[in-house]
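One chain, chain A, appears in both complexes that follow, with chain B as partner in the first and chain C in the second.
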Partner chain A sequence: MSDRTVIETAGLWKRYDDIEALRGLDLRVPHGSIFGFLGRNGAGKTTTIKVLLGMARPTRGEARVFGLSPFEPHSGVDIRGRVAFVSDEKDLYDYMTVGEIIAFTRSFYPRWNSNLEQQYLRKFDLATGRAIKGLSRGTRTKVALLLALCRGAELLILDEPTSGLDPAMAEDVLQALVGHVAGEESTIFFSSHQLNEVEQIADHVAIIERGQTVVSGPLDELRAQYQRIQLVFDGEAPDIRVHAPGTHSVRRKGRVLTILSAGGGTAVVDEVRGYRPASIDVTPVTLKDIFLESVKTED
Partner chain B sequence: MLWHKAWLETRWRFISALLILTVLAGGNVYDYIAAQRLLPRLNATTTTPAAEATGLGDALREAIELQKNFRGFIWYQAFRQNLTQMGVFFAILLGCGGLLSESSKGSALFTLSLPVTRRRLLGARAGAGLAQWLAVSMIAPLSIPILAPSIGEHFSIVDALAHGLCVFFVGAVFFSLASFLSTLFGDIWRPLLIAIGIACGLAIVSFASPQLAIFSVMDGESYFRNGTLPWAGLLTSAVLATALLYSAAETLERRDF
Partner chain C sequence: MILLKPNPSSGVPIYLQLMEQVKHAIETGALKAGEQLPSIRPLAEELVVNPNTVAKAYRELEHEGVIELRQGAGAFVSDTATTKRDAEKLKAAKVLVAQGIERLRARGITDEEIRRLVEAELAGITEGKRRE
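Up next, the complex of A and B:
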């Protein structure tokens, strides 16, 4: 594993009874990146996170965080001492107050940043005397983020970090995450269903489907690599097979044929010119397009 | 801080156990006043032929005879009945719960993401629970020597502590059993009901095979009758409790969340 790789999995499999949650997942998260981890519900995102934190053992394959195995007690403790994790549900201890859970969490992290704690208490408008039990989902999310951001972690693993937040607060959180990476030289690995948020802050993404990585890489490279080629014909679009390398999908609807290429598009255009379309348009795609196409082709 | 967390999770169970067992033990002191009036009127010299055939007649006569003095009454009512029966229940209640039951509340992932081993999580929880159980086992019997002078009676503090020790050690087995079952089931009810079922089963076995009578270790019968602590029983209890907690740690270590 490279020194600059924070998370690496190779051929990771995880089976729960008769369900294959992960089927040979390969993943590399570079140091200092904001890594968006995307997939449909049940694709294996949460299972991957649990394996990385040593909460679930893989059936086979390898997972390393900071080059260490999460499944050996001592290296697992070392990893968790350097990682901050916020779960999807943001469930905390109902029987504690905000102040108590901060004090509890602080006791495990020698690098806890008290100035940052005060800053986030003010920014998120959190009262330390309030019981966790009585907090709304949004406020719980704020507490969970405060606990994650103040512990001086080198890696933040966040499962749906903005769920339950209003758009203004979600924006604040996203900016806080970006600022955190810049200020603390840490890495953020986060899953989200909000593709616009991922597109806004992530510099690397991976899309997984049915326990396998289907797309992975720097977001800018993916954007440059993926092109949509739209052909409009005078009559009904022909039912064609495109052989150009990188062809991801071909869809036909009436007079229009839409091709998604992961190979830059030039080779596809050269190939389909022979079908004499009335027009050819090559347009860039959004992350949402890449995501939808990637998970559709697996159906 | 893990100890503090364990305390916050179990404090109401601990306070309930402490209050109820102390009130029951202390209440037995005042029951003696009424018992002194009632016991001389009881005549168990002859019972039904069936009772005589099963040995129930002898047991009744012995129970009446024992309770004619304060020490015998307290042993029979407090240590043999209340603190043993309710003690087992509260030891099981204190042992239930933990990391797996946190899964149903959703906070297990937060706990598991902390930089501590699962063994340490279980150790803190078991340590806090056993400390609570030790406090209950000692404080409840101590209410007897404290309250006895108020009715003109005396009960030795050493006797109360000796009986408390017996209650603690055997109770620790049921505490550890509940802790172990809590690493197998995610809710609090199944470990509670299964452990109570096992305790009832052991009570029935005790009637049939007195040599397997774990409850006669818990009520400190040998200490009451001849001043000797049941060392073999206490040691066996300590070994059983340790083995159950070790099994709980092993099970938790292998578990997926």
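Up next, the complex of A and C:
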């Protein structure tokens, strides 16, 4: 993977009337990555995507896609030609058939890949004669995805690509995304609430909360940083304060003390050893643990 | 295909799970020296994991001498994979021993006592294992 950056935002603010949707959001999406964009509802995910697509102008701060500003007339057009976006709604023209919407979309994109089109028609088991109107949510998603994948776009922005799909269909979609990044020199930026899916296919993630980035980086590095340290004592666990940098939380229950650290386990283990626990165990945490810990309501 | 879908929610990085699977396949003889591993794209698609993750697993396996990456030809199990694997086993065992000793020290057991316990354990003369 190269060091090129596809999406970069710095101190992005967006205010709607009296709501601060983004409050200094920082993002860096490397070329060739599958980037999982996470946050609770209302955290600012959709606003961020709108800014990247040039559909909402930030109040302050900078956004760059391929190093270009989405808000300058020329670069805005350039960006829109190189980015494919699939919204959560999977907007499609209901009065067309699958074949018609493919032919219609193809006509806008000189880099349309007809081989891929045939591949995905087979892979997704799509009948070109079917009317869009009568399609299930899963099939609609597949059509929307086919249109995005065949455009020859360098960047795919997907808002909740698997929402409302059954597990088999979701797996088909994930497989198409994985194959696309491997074969087409492209980058995928997708928002999702399905943490297990993000864990499965993303190599980079960002978690945002109230318009700010609270966690971001390569997933494997986050996994190495975040550790759960469990201490078991012979008697009641002592009520201790842990000062090691990165300590997120300390929970005490009976003889057991559980510490979540974002600074690796070693510093915490060194610090708590003095309390003479009967055992110390350091265990890895899941993305779900990291997510829940990062978006915890603090007020 | 010998590789299984990794468990993304186990907390263990997927590239490490893939590395373990390859090493295990070599140990059991399911993969033999000189044999070719699947290339990155089909494997990523089959397992539905990030191709960069597969590439990372292969790079790390090459670094450990388990496989060889030949330019343009793909990944192959290296001839010395099994001996390297033995060396690695010892390395892993060393870590386990170090952890065990650390834990015992944390409980206030002296080095002399640890030595005696280890000797006794090896000689099979301990009277039941300590458990917390």
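Everything that follows uses one rule, which is that the second predicted complex is superposed on the first by the 289 of 299 C-alpha atoms of A that agree within 3 Å, B and C clash if a C-alpha of one lies under 4 Å from a C-alpha of the other, contacts with A are read in each partner's own complex, and residues count from 1 in each chain.
The working rule: a residue touches a chain if its C-beta (ideal position, glycine included) is under 8 Å from a C-beta of that chain, and two chains touch if they have at least 3 such contacts.
Since this is a predicted model, take the numbers as computed values, not measurements.
S.K.: Touch test for A:92: chain B only (first), chain C only (second), both, or neither?
M.R.: Only chain B is touched by A:92; chain C is not.
S.K.: Looking at A:108, would you say it contacts chain B, chain C, both, or neither? Reply first, second, both or neither.
M.R.: It touches chain B, and chain C stays clear.
S.K.: May I ask you to decide whether A:183 touches chain B, chain C, both, or neither, giving the answer as first, second, both or neither?
M.R.: second
S.K.: Does the superposition put A:34 against chain B (first), chain C (second), both, or neither?
M.R.: After superposition on chain A, A:34 lies in contact with chain C alone.
S.K.: Let me test your reading of the model: by the given contact rule, A:76 touches which partner, first (chain B), second (chain C), both or neither?
M.R.: first
S.K.: Do chain B and chain C touch any of the same residues on chain A, and if so, which?
M.R.: The answer is that chain A has no such residue.
S.K.: Which stretch or stretches of chain C touch chain A in the complex?
M.R.: Per the stated touch rule, the residues are 8-15, 40-41, 44-45, 48-53, 56, 103, 106-108, 132.
S.K.: Help me check something: in the complex, which residues belonging to chain A touch chain B?
M.R.: Within the complex, chain A contacts chain B at residues 16, 50, 53-57, 73, 76-78, 80-81, 83-85, 87, 89, 91-96, 100, 103-105, 107-109, 144.
S.K.: Okay, in this complex, where on chain A does chain C touch?
M.R.: Residues in contact with chain C: 1, 32-34, 171, 174-175, 178-179, 181-183, 195-197, 199-203, 219-220, 223-224, 232, 234, 273, 276-280, 283-289.
S.K.: Of all residues in chain B, which touch chain A in the complex?
M.R.: Its residues touching chain A are 1, 4-5, 8-9, 105-107, 109-110, 112-119, 253-254, 256-257.
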